[in-house]
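To keep things simple, chains are lettered A, B, C, D, E and F as they appear, and every chain counts its residues starting from 1.
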Amino acid sequence: MCLALPCKVVAIDGETATIDVSGMKKDISLALLDDVAVGDYVIVHVGYALTKLDPDEAEKTLALFAEMGEQAMAEAAREIH
Amino acid sequence: MCLALPCKVVAIDGETATIDVSGMKKDISLALLDDVAVGDYVIVHVGYALTKLDPDEAEKTLALFAEMGEQAMAEAAREIH
Amino acid sequence: MKYIDEFRDGDLARGLSAAIRQAAVPARSYHFMEFCGGHTHAISRYGVADLLPDNVRMIHGPGCPVCVLPVGRVDMAIRLALDCGVTLCTYGDTLRVPASDSLSLMKAKARGGDIRMVYSSADALKVAQANPEKQVVFFAIGFETTTPPTAVAIKQAQALGLKNFSVLCCHVLTPSAISTILESPEVRQWGTVPLDGFIGPAHVSTIIGSQPYEFFAEEYRKPVVIAGFEPLDVMQAILMLVKQVNEGRAVVENEFSRAVTREGNVKAQNLVAEVFELRRQFEWRGLNVVPYSGLKIRKEFAEFDAEQRFPVAYVSVADNRACECGAILRGVKKPQDCKLFGTVCTPENPVGSCMVSSEGACAAHYTYGRYKDFQ
Amino acid sequence: MKYIDEFRDGDLARGLSAAIRQAAVPARSYHFMEFCGGHTHAISRYGVADLLPDNVRMIHGPGCPVCVLPVGRVDMAIRLALDCGVTLCTYGDTLRVPASDSLSLMKAKARGGDIRMVYSSADALKVAQANPEKQVVFFAIGFETTTPPTAVAIKQAQALGLKNFSVLCCHVLTPSAISTILESPEVRQWGTVPLDGFIGPAHVSTIIGSQPYEFFAEEYRKPVVIAGFEPLDVMQAILMLVKQVNEGRAVVENEFSRAVTREGNVKAQNLVAEVFELRRQFEWRGLNVVPYSGLKIRKEFAEFDAEQRFPVAYVSVADNRACECGAILRGVKKPQDCKLFGTVCTPENPVGSCMVSSEGACAAHYTYGRYKDFQ
Amino acid sequence: MSEVKRGYVRPLDIRHGRIDLSHGSGGRAMAQLIEELFAAAFDNEFLRQGNDGATLPVPAGGRLVMAADAHVVSPLFFPGGDIGCLSVHGTINDVAVMGAKPLWLSASFILEEGFPLADLKRIVESMASAAKDAGVPIVTGDTKVVEQGKGDGVFITTTGVGVVPDGRELSGDRARPGDAILVSGTLGDHGMAIMAERESLGFSAPIESDTAALHGLIEALLASGADVRVLRDPTRGGLATTLNEIARQSKVGMMLQEKSLPVNPEVAAACEFLGLDPLYVANEGKLVVIVAPEDAEQALAALRAHPLGARAAAVGTVHEDPHHFVQMTTAFGGKRIVDWLTGEQLPRIC
Amino acid sequence: MSEVKRGYVRPLDIRHGRIDLSHGSGGRAMAQLIEELFAAAFDNEFLRQGNDGATLPVPAGGRLVMAADAHVVSPLFFPGGDIGCLSVHGTINDVAVMGAKPLWLSASFILEEGFPLADLKRIVESMASAAKDAGVPIVTGDTKVVEQGKGDGVFITTTGVGVVPDGRELSGDRARPGDAILVSGTLGDHGMAIMAERESLGFSAPIESDTAALHGLIEALLASGADVRVLRDPTRGGLATTLNEIARQSKVGMMLQEKSLPVNPEVAAACEFLGLDPLYVANEGKLVVIVAPEDAEQALAALRAHPLGARAAAVGTVHEDPHHFVQMTTAFGGKRIVDWLTGEQLPRIC
């Protein structure tokens, strides 16, 4: 539910922002979100930015995935050997 | 101009008459004409009967055409001989 | 078809042809104008001219309400449809009449105008009843024959209390046009029109009767024969005109006695008088402004008058200067004399009034007779 | 696509798969409900279930605002379009939702309804501005994620003074639905639902924050992990739930920290509070009537409320009796257990809520997973 | 799961169903429409191949003929036929007038959202039976759906392929001075049957469309051995326009005899009423034949011996004319041009 | 009267003119439209015959292929093409995927009253140049005009005829377990280029339709000698629907590898945004190839050597499956069905 996508903001004009996802561009509304700057990633739903995406948290989450996986792989390797 | 056709009245319902021309039927208005009876021929224009057609006068006119023509043909024959 | 086929009989035609040939005095020539497009059409469609001697020539008058409709009136109808957003109902004849900006109602329809062909004024009324949310305008054209049905529609709209029906009235009067041809200063400009007599209207006369023509016969010393629209009617009328000319008479005769009386249809006349009144002047394509030649809707019926209801004023638009319609309608020139005939001006792209409907002199010659130009 | 592709990485998936396998205690089984259709969709589309051990089973919750839209609400929209003649704007998702009389908005459109798909509430507003002569109704559906954009549109309509724009509000609230699943008498009727934890909504939580779920964790002693809608997010959340269960914890954890905070989007929350208020009750397809689970437009904005403006009252319509959606939404049955699945009920002709959108449990199994039924 | 359940799809609800956009999407709804409606009605070995195109045998010898017509008639159902059989006859006739034996048809449908499936079924079955009667299978096709207000119920485009035997040469440019002009029957029936159905004209008449496949009649004519120069079906624009086309292609003039033109009295009456000329009204089951003068009688006899040619008539002759006029000696005794149709055939009041 | 005057008709006013009903009436206006616009652009020896149908030589040997498609795209002009070239490519491709050399096309137009002649000219010229580039002449056709509000600018139905050499057997029912599944390039470009032009979706992307005639690519592929079982162009419904059709026809299952599917990043992004799946988005210049396992490499090399196949990829294999499922191993590592398209491809919010 609630199809929404992280999009990079490439231009802002008042309450309207232009976002870019791999070359696909669209004008969206910033009516629900303050303090958006060009270069930010925002999560867009039905043409509205819902929230900003926090790049540090994203990195941390990805790092956690990798860590969990590596631990498990190591564990698995240990079990087999 | 003023395309109009002699049509036979085959039914009357109030101010509306049904006319028939060689099997083609149509409802027309009698708003412009009083005293129309089934069997009458009326001259119809844009769906309205304009006037009744007088059968006697029609006969007379056709007879006149024939008479004029016959006289002329006879005359012409006389000229040639 | 009873009362139709009999009046198209080829054998009788040969007889009348012989009669005309004998009656026509070889030493003189006869120029008769058929006022009505209905006669023009019959002459072209049945090839009547082929049955006349060379010294009897027919001049095609202005008698087609479509042909004489000026550009400015069609422009009004187009503005109603395109700018005012009304549903415009009209007879099929008007759809191709040229207007300003290379438009016509047909082309305005292609540009999105809600323009509908109706067979009868009563059908336009039905459109209004079926579409209460739309303003429906009936673009009313026609001579005295077609005016009474418009009067009936307006009276019915009043009786029904319709708030979305009105009429753009372009009804015109035949006697005024005949007067203009005989009287107007242009006649002098182009030289005396050699008019020896008139074939009088058929269906117009069923309404107005034969009486109105008596003035012309007397005043201008021109014979008038009212004739039906079948080809034998036309030939008989020509024969009657030749005889009047030969005998030096100038009276109104009625060849169409099976449908026309001296008084005409009084009921219809009264209806028209109730709903309409004379305009001071009306423009005719090819004849310019003709005084007292058109009708407008009386004040009592103003709510059904599209000219009152919508902001569309008449703006006169000059005819093409190369167009010879004025001279053709008066019998001074023939279609073939016009530089535009068959080149710039064709039935697909009519320039002047005479090329508009198949009853116009130029259209009739183009459609039915132009083979003769190559003989 | 940055921040998307990284979260779909197959190599990382294998690692998380191994981690879940290791964490899951073989002796017990884990039943987790993903409330959101977004998670259901991710599980189906990426084949996440294939990467889970047999003793970890996902139960697809009622979390798709399209699926839960009851027949009676779609009927209202159809009546607006067909009977009231409004231009009905709606998200593409709702077009195929079954209504009474074998209709749907798509079929109502085929019957002449002016029904238009919009991408955004703002586009519905534009339709109203461009068509001042038409009444435009925005058929608004969605959870907390989709409600703020509707609030913005209503506020803008007010600011613009639009007289032809209104909203048929069908916005619903996720926490109420979660409560119902945990509390409703039906749970007892079908037996205790074996629910060991919840994956919490992703985008709903960007608006309402993680805080509302704390009640469930405490009150019902169920762990909740808020997770993004990418497949790695789902797997990580499952891993976190398995660990909480193993450790006997029941707290709210936030896997989707890159977009969700404890407070959520306060600006959006305030907008929603300004424009909407709670309904006493709202019917959900498959869950029956759920108290305080829907929003209506406040009196202050009554002129933009289609339920005030048009004579369309809500009439409840019973779901098909053979449909097992109620049991499926509570995790008691699987789609394959329903007699109608894949026969009378297919994505082309959905009978129950779970077959409506591609996020419904039945539709997801039919579209992505039914090959497993033959293995 | 039972065998019945697997892949089971609810059959189309022909009674109450309507076309919606999903029937043109390329997905399962479209596949079902094609299978249950089109393929079921048109069934033949070529269609059963189930591919995007049909594979067909190459005829032995002769030349191929290919002709196409889009059909957009309103109303869709009219006395004497409907758009379905019309779309089969119309293209068969264009193939057949080249002297070819029509072999196969393709049929493409453009359906308007909201069109009742019951009407579609009636149309498809009418096409199927016209194709079967004519012995010309519909071997491939296509279906598209357009939004409501962007179509008019259904449009059907058919393309036909046929084969002309070696040595048979028919073409619009082969009319020669002296040739006779024949028509296979009464003029204007189709067009007037359609107009009689238009509510706006408000008249009724016992007129039926003449829609028919003419390849049988043509085979009978050619089998007579008459030296036929040109065949043509005088559809839109009527006999007048068709003869003008041929006159221009062959660089000749023509002279018709009005007296000889066969016209049903109801059609003649309706034409008078509407201010139309039957020479310009459409036919869908009539043939114009231009034949060497010495074979005119023989050709006329062959036409008349066939049920579709019972009212065939010799209506004129070809002559030299650098201006390619088609003219007519009127029944009245005069002469006039019979020109191309100008604009549309519109009912008129003057 | 001068020579110039006689029969002179004012040329079409392409700049300002619009289609009106007279252009479909069968009269002089229609003849002029056909002559000045269609015949002038498509000019070829067959069209010049000037008859209702074209007479064509019978190919020596082989079998004929006949295929038809109605084209109803909106908007009419889009990045990478327009309805004109699309209508040529679409039907050529249906002929070519049968292994046939496309020989001739018919083209039928349904024009909406009010359609600008300038747009029509642009479309007709695009068709003409597509036909010329492909070496497939448009040999016959038809034009109808419908009232405003009963059409959508222009619909074009084309039918193609081609010839398959003896011994070449391609059909949707010839896929066998073990066969490789190839696609000739990126997926979804046409459909997404069209969607990007729809104002209601309000996005822009540098996506061009892939519309192209594939017979050259197909000849190159077949010339490689690879044992090709099935060719198909995955148009409406996309790759997913095309493979389901083939699976059903051949009574087999298929397994795709998501990782191998070529998709342009802009198309992938637009799909994510709208909630669509590129597997269901239409292509108009792509080929699905099912080829014997031992010839897969060779076929792939032949595709890649052709400009239209530069991004060709092996995307899956055929296997036995009594249920004829098309499945996919996801890039993520799971498995799922790739079903027929349900309903329409509608943008969604959930």
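Here are some notes:
The criterion applied here is as follows: a contact is a pair of C-beta atoms (placed from the backbone, for glycine too) under 8 Å apart; a residue touches a chain by one contact, two chains touch by 3 or more.
Note that the coordinates shown come from a computational prediction; the quantities given were computed from them, not determined experimentally.
Minimum number of contact steps separating subunit C from subunit E: 1. The chain pair sharing the most C-beta contacts is E-F.
Each chain's centre was taken as the mean of its CA atoms, and the one lying most distant from subunit A is B. Rotation angle relating subunit E to subunit F: 180°, from a CA superposition, given to the nearest 5.
Distance between subunit B and subunit E, defined via averaged C-alpha coordinates, is recorded as 38 Å. If you average the CA atoms of subunit A and of subunit B, the two centres end up 87 Å from each other. The mean-CA centres of subunit A and subunit D are about 21 angstrom from one another, to the nearest whole unit. Averaged C-alpha coordinates give centres for subunit B and subunit D that are 77 Å from one another.
Residue positions 1-3, 5, 21-22, 45-47 of subunit B are each in touch with at least two other chains.
Residues of subunit C in contact with two or more other chains: 1, 4, 9, 14, 37-38, 64-66, 91, 106, 119-120, 123, 142, 146, 348, 359, 374.
Within subunit E, residues 6, 21-22, 28-29, 202, 265, 268-269, 272, 323, 342-343, 348-350 each touch two or more of the remaining chains. Those chain pairs judged to touch are A-D, A-F, B-C, B-E, C-E, C-F, D-E, D-F, E-F.
Contact residues on subunit A toward subunit F in their complex (touch as defined above): 1-3, 5, 21-27, 45-47.
The touching residues of subunit E, counted against subunit B in their complex, run 202-206, 265-266, 268-270, 272-273, 275, 348-350.
Across the interface of their complex, subunit F is touched by residues 6-7, 21-22, 24-31, 49-59, 61-72, 74, 94-95, 97-98, 100, 104, 106-110, 139-144, 146-147, 149-152, 155, 157, 159-164, 171-173, 232-233, 235-238, 241, 245, 249, 280, 282, 323, 340-345 of subunit E. By the touch criterion stated above, subunit D contacts subunit F in their complex at residues 1, 4, 8-10, 13-14, 17, 37-38, 44-51, 64-66, 91-93, 95-96, 106, 116-120, 123, 142, 146, 231, 347-348, 357-359, 366-371, 374. Within the complex formed with subunit D, the subunit A residues making contact are 1-6, 8, 21-22, 29, 31-34, 41, 43, 45-48, 50-55, 57-58, 60-62, 64-66, 68-73, 75-76.
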